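Read from first to last, the chains carry the letters A, B, C, D, E and F; within each, the first residue is number 1.
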Amino acid sequence: MALSVQRSEIEDFLYGEAALLDEWRLEEWLELFVEGASYWVPPAGSDDSVEPSTTLFYVADDWFRLQQRVKRLGKKTAHVEHPKSRCRHMVSNVRVLGGSDANFKVTSNFVTYRSKGGTTETYLGHHLYDMCVEDGVVRIKHKRSFLDTEDINEQGKVSIII
Amino acid sequence: MANIHTPQEPESYVIEDQEHGTFRVNRRAFVAPDVLAREQERIFDRCWLYLGHESEIAIPGDFLTRDVGGRELIFVRGKDNTPRAFFNTCPHRGALVCQEKQGQDKMFRCIYHAWTFDLQGKLIQRPEAERYAPATQAGMHDLVSVPQLQNYRGLYFVNYDVNANDLVTYLAGAVEYIDLTMDHSEVAMEIVGGIQEYGFQANWKLLAENSFDGYHGLPTHATYFDYVIAAGGQLGDNLTEISEPRDLGNGHAVIEYGAPWGRPIAKAVAAWGNEGAAECAEIRDRLEQRFGRERAERIAYNNFNMLIFPNFVINNIMAITLRTFFPQSADKQTVKAWALAPVDESATMRERRLYNFLEFLGPGGFATPDDCEALRLCQQGYKNLTSAAWNDISKGMGQAELVSNDEEQMRVFWREWDRQMSGVS
Amino acid sequence: MANIHTPQEPESYVIEDQEHGTFRVNRRAFVAPDVLAREQERIFDRCWLYLGHESEIAIPGDFLTRDVGGRELIFVRGKDNTPRAFFNTCPHRGALVCQEKQGQDKMFRCIYHAWTFDLQGKLIQRPEAERYAPATQAGMHDLVSVPQLQNYRGLYFVNYDVNANDLVTYLAGAVEYIDLTMDHSEVAMEIVGGIQEYGFQANWKLLAENSFDGYHGLPTHATYFDYVIAAGGQLGDNLTEISEPRDLGNGHAVIEYGAPWGRPIAKAVAAWGNEGAAECAEIRDRLEQRFGRERAERIAYNNFNMLIFPNFVINNIMAITLRTFFPQSADKQTVKAWALAPVDESATMRERRLYNFLEFLGPGGFATPDDCEALRLCQQGYKNLTSAAWNDISKGMGQAELVSNDEEQMRVFWREWDRQMSGVS
Amino acid sequence: MALSVQRSEIEDFLYGEAALLDEWRLEEWLELFVEGASYWVPPAGSDDSVEPSTTLFYVADDWFRLQQRVKRLGKKTAHVEHPKSRCRHMVSNVRVLGGSDANFKVTSNFVTYRSKGGTTETYLGHHLYDMCVEDGVVRIKHKRSFLDTEDINEQGKVSIII
Amino acid sequence: MANIHTPQEPESYVIEDQEHGTFRVNRRAFVAPDVLAREQERIFDRCWLYLGHESEIAIPGDFLTRDVGGRELIFVRGKDNTPRAFFNTCPHRGALVCQEKQGQDKMFRCIYHAWTFDLQGKLIQRPEAERYAPATQAGMHDLVSVPQLQNYRGLYFVNYDVNANDLVTYLAGAVEYIDLTMDHSEVAMEIVGGIQEYGFQANWKLLAENSFDGYHGLPTHATYFDYVIAAGGQLGDNLTEISEPRDLGNGHAVIEYGAPWGRPIAKAVAAWGNEGAAECAEIRDRLEQRFGRERAERIAYNNFNMLIFPNFVINNIMAITLRTFFPQSADKQTVKAWALAPVDESATMRERRLYNFLEFLGPGGFATPDDCEALRLCQQGYKNLTSAAWNDISKGMGQAELVSNDEEQMRVFWREWDRQMSGVS
Amino acid sequence: MALSVQRSEIEDFLYGEAALLDEWRLEEWLELFVEGASYWVPPAGSDDSVEPSTTLFYVADDWFRLQQRVKRLGKKTAHVEHPKSRCRHMVSNVRVLGGSDANFKVTSNFVTYRSKGGTTETYLGHHLYDMCVEDGVVRIKHKRSFLDTEDINEQGKVSIII
């Protein structure tokens, strides 16, 4: 089966995703994923091949924990993000790496800025997506966000969806 | 406006008033550069500091580089299978001789003039060696070893004071809890998945307190407990009634307590299904054969958070984390954290362990970021120290019996901190 | 190369030579960290510092947080409708108890251990309170109030010195100009549109001088005057001939003068059309009924720039701005600025006011950025202070009569600065 | 009436706008606007709904003042920008939010760097445009630039077009 | 963890032991802020510091601004064709009066109050001058000149000590090598292509050493030599056998040596073809006519790296680079580098020169980035100075005859540094 | 002869180039150039018109030296880049400035992050490409990278391909 989407449609999708995150509309963001999807953030500086079964990630959410993460971030008791930080997700270098509608790979570069408590933290790196298209609707099956720095000594946390 | 005008030192930083049941710490201790310099000199340059675990350099030639107490060290297993620690500084003009975070090699070569050292730190080659006069002291051109390197059950510590007491004497009562941890395995314990490193804007002592602060658990980590319940846990269901802080000597302290979460060794929760319950039962039985029922259940069910003075934490909770942290400045610190596990646990249990670890711990966990945020807010609050000068650490004072949600364990830390900073030896 | 080698202190930072008509200030005052620390101790910790306006916390439960003189404060209107100021520091372990910039609430709850305080700063709840011994002093676990909080006509000031004189005594001659401003309204004045905050790389005293420096107007703000003309104004057309600096006592000073721009109260310009002219005439008539012709015209036509020592500015010009600024370091400051307006002015006039405000003032105005740039360049120039050590503030000295373009008002500031820094009381 | 332009054409337009700003060709930049257009920069951290009638903006230019701002920045006496700072406007996440040729909304994310006097200042946020197309020519009716940081204590000013 | 605890000062920073052939420098010299402050006072405020070359301000009205030794200077050629150096600080309230890096103008006007100065630094205009009392001292409102400005063969130096010896006396033996460089042209030498500026995280003295460190060449710059060979060069092929360090007095030193690379004046390499060989031969012949064979070949074939104490480098190698560098802090420096060339060389030779320059030198060269990296690693290594305290600079000590790969030239630098820092005059 | 490529194809090409640089696949990166191509990096803050014959550049590689640069960066003895730094090349504002298949101009903005030794350096500016298309294959004839800052006092070097 061939791939029926172009980069341009994927860009629309990813820019839309970024907007949902900037606006803290996380419930809607979750709807961009298929049921059973997963979301990973490996340690800063990791190679694309790293696995949470053998490496201590920052985030390695299965579908259950990803839903819980979204719930948590909606609560006033998620102290690190209440009051909410102000974020801006810059997406660039979008590339469709091929596959079929059932399963294709996309990568993009990102710089995400998070401002709170008098400082602005910069997260930079690239995303790897496993996606699919079902009756014209693009969905995420697996999202991995790689921080292309050596460490997060300045940022200190991954408390937002980067 | 930054905190430009640091007030004079108080007569005492720590004021304990048994009679009225108050224990207070002056907030200048968290912000003043002169205090930090004195901590470096009297605490970090004299105490045993955690370097790493033997499993991180498993075979000869394995090495890692790590900053410990303001120094840049190389931790390397020599040809003779002996772990050593060197200062990562070339004896020639001082360049770091090793840049990799970790690896496996036969030698270290400095990039500047190519002086080359073997795994035992000996200079084995340098260009145009004939242009040098014969060395006046043996080893004057070798890598410098740390003054003291000792280990207890695989945990390696360095001490920059050549006159310091030996490690085991220093660890005092902490030995019991290290044993309780290392006994998880019948083979050996290992660091799994590398290291978590992060930093944040708070004085290092705030994290020392926080690492075994029972009082903050429910309010700070409400969302984590929501999660535990959503995952099928129940706040009641602890399998153990203990709730106790203990002074372990030399400033070390621990709280031991029951909690609703699952423990890979060996307390199952609903989410793990029958299969998990069965596996935990089996592990517990093995423990019982090895240690008898009482100790077996203590290992299986009891959680503890232990701080080994000044800055090494072993939290044996829903997973086992080792953690150490050092100041970058009075108001900033960097943290190193690891997961420890039995080499001989099953793949599923290993999975549960790492899953547990991440759900609570680390920069992306459901709890640690809220801790760091709380500590950052404390550091901010200390801008007012000229008018709001004192921390209160009185909880539980004058009570018949202390529980883990009291603040006795922090008081143990502060008494020792005060003793060392006052130069009492 | 940074300014690494700060020279020794001069015998005196301020040298006034009446005979030869020179007034000089040593540039070390703008760069030396020791001077900044002394300023904190002798000036910011002893003078009345502007906190905020009553309209910013209009009803019970309204609060805002603000850094003032290096402290983090909460300014809150209590249940009893009384404004109070607290240090934003938890009495337990010191976290900020309030993080919002402003809001409306019934209580403040600390995120760390959930100690909770009412709007009057009283501790009203803490988990496991029974684990504490009874408080030895009343209020020892409440939020700490600032030593002194007083207001004059809705302007609230704090003082960190409990022994300082009362506010009105301190304000001295400045009261007259505050009255001239507050009298704009028959009802009340209010802060409109929130706050403008920005920072830049220059010592705070450079902005103190600049805030009422008449001399720089034409050269620094040429593009603004071009704009005024393009908008139909004429440089001549001032409606008032006054041009005068005045020493208001305690280091406060003001310049009062005419200018070509429009004033919402109550000087129309061409751009406002007949409708604007009519409205201004009407306002002026009301003023005349209330205060008589002379004062009415003074209110309507005269501009003034006033500095209340050390760092509070009221500029009553094409709009009214309140401004305060604090050092982050010797070479960096942050600024807070507000627009003040009569609650009872018409929507159109309010629009003209804000339009006026933005065309001159603030980070995007046609003037302020050039001021900040000039001050930044001064700070840069002070790198040469070992060889080019003295600022000249002599303009107008020895003149029969002083005008607002002279530098007398800055001399008033520096004489007081010198007096306080010399420890004279 | 439908909308006859695609994201790709809007990107061409916005990249062109950024280039004019980087090259300080402000007179030409002004020609991208319709007569009577306005340009707003609200305080850092503002929500999209904020209005200059009730909030103190950094910039709230009507057509007259916008023209004057361009004139001012062309003068040697605009001291803060003379000598000219060196700027680079990074535009990403372009999204056409719909409307008709007569009036449609566009948003983009930006990072604008300004270098002068030994430092580089970073402005980051998003733009909201009201645009129109007349005989194939895209024009700006209303431009709003939102700084997605808490404050401008580091930047200190909005002396350039961000 | 940053290096928080700086150890006490050693009895001596420099220990030379002729008997055992060791020369050691204490690493505290590279990290301690107190050392840096003393360097500023005793070295940078007393030594001759390089400002610029006459060709950079070729005609009246040409100016440039440059930071030298922590000051902001204007270097300008006056109406009278005389180069002058002023502190870039307005005598009024201190703003930089010139912001351009370089240019051509008739006057300098301060943006703040429009005081205006001619090219000779005289105040020629200020608004409302009549409001000032007559100046009490002539020139008190002019730009301040640097205490001393002198040049040798077009190289301009400033000295902030009005009592310092004259430049030529100071340069001592360095004069010979400046002559060897300036004699390249029969007309004049010029700076070509402007300036290269960059900074990196290492103490300034590390670059002083590195600039004429022969020992590091092969190991640090292996990839450069690979490149030379790939370009058709041969490591042997030097045309000169000399390899010698020399003490030039006053802390200046040089190494003179042969090398395989091409020299625009006048050593061709294969890559330049017959045409290049011919041109070089011709240049060498002209040199021979002017200076005789021996000096001609020395000029043509010999490379040298010279450091004029404390921080001015002339490297006459595959191209000619001038370089100076100043500390921003103990662990950070900024570098300024230029290319110097004969005004009268051919376009092709100029092309070869710049091509040569870039292949080795500068932020994008095949060598400089590796130097900077090595120095950065040294600075990192000094974090261990409490336990690894001494740099070794002993190479060649006790040898019958010294070569350029020994470390004698660095020892010359350190002996002078120690003398000046000890306050010996 | 007309120009047969669209911006979208050039974006694919440039995003691909960035990926090769991020992954340190420099030999493959070199294949994006025609034989005899050149690569320039003028001093920070330069105008587009600057020439290496009259100005001291950071990098002014002809084809021979560009090949050598790639060789050098592949060696363990290229100390500044061994161990390799972790880089991420953000590409935005891609504009095709016209020309023919034989020779057309492209510009893009960039922010390149380089992390090593505990710090992250930011390089920002714009690229100018001279390109050609031969039988549908895009190639670079001349690449110029302009750093739109005043200096490189923070970055200190141009040891990577920015």
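Basically, a residue touches a chain if its C-beta (ideal position, glycine included) is under 8 Å from a C-beta of that chain, and two chains touch if they have at least 3 such contacts.
Since we're looking at a predicted model, the values are computed, not measured.
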Furthest chain, CA centroid comparison against subunit D: B
Superposition of subunit C upon subunit E: rotation angle, C-alpha, nearest 5 degrees: 120
Shared interface numbering between subunit F and subunit A [over half = same, under half = different]: different
From subunit F, the most remote chain by mean C-alpha position: C
Selected pair, greater C-beta contact count between D-F and B-F: D-F
Where subunit E and subunit F are represented by their mean Cα positions, the distance between them in whole Å: 31
Separation of mean Cα positions, subunit C and subunit A [Å, integer]: 45
Subunit E residues counted as touching two or more neighbouring chains: 99, 111, 220, 334, 370, 373-374, 380
Multi-partner residues of subunit D (at least 2 other chains): 8, 79, 90, 92, 111, 117, 151, 153
Interchain contacts, given as pairs of chains that touch: A-B, A-C, A-D, A-F, B-C, B-E, B-F, C-D, C-E, D-E, D-F, E-F
Contacting residues of subunit B [partner subunit E, same complex]: 36-37, 40-41, 44-45, 67-72, 87-97, 99, 111-114, 127-128, 131-133, 136, 141, 144, 146-147, 160, 326-329, 334
Subunit B residues touching subunit C - in the complex, by the definition given at the top: 1-5, 17, 20-22, 27, 30, 209, 215-216, 218-220, 370, 373-374, 377-378, 380-384, 386-388, 391-399, 403, 405-406
Residues on subunit A engaged by subunit C in the complex (per definition of touch): 79, 83, 117
Subunit D contact footprint on subunit E (complex, rising order): 99-100, 111
Contacting residues of subunit F [partner subunit D, same complex]: 7-8, 45, 90, 92-95, 107, 109, 111, 124-126, 148-151, 153
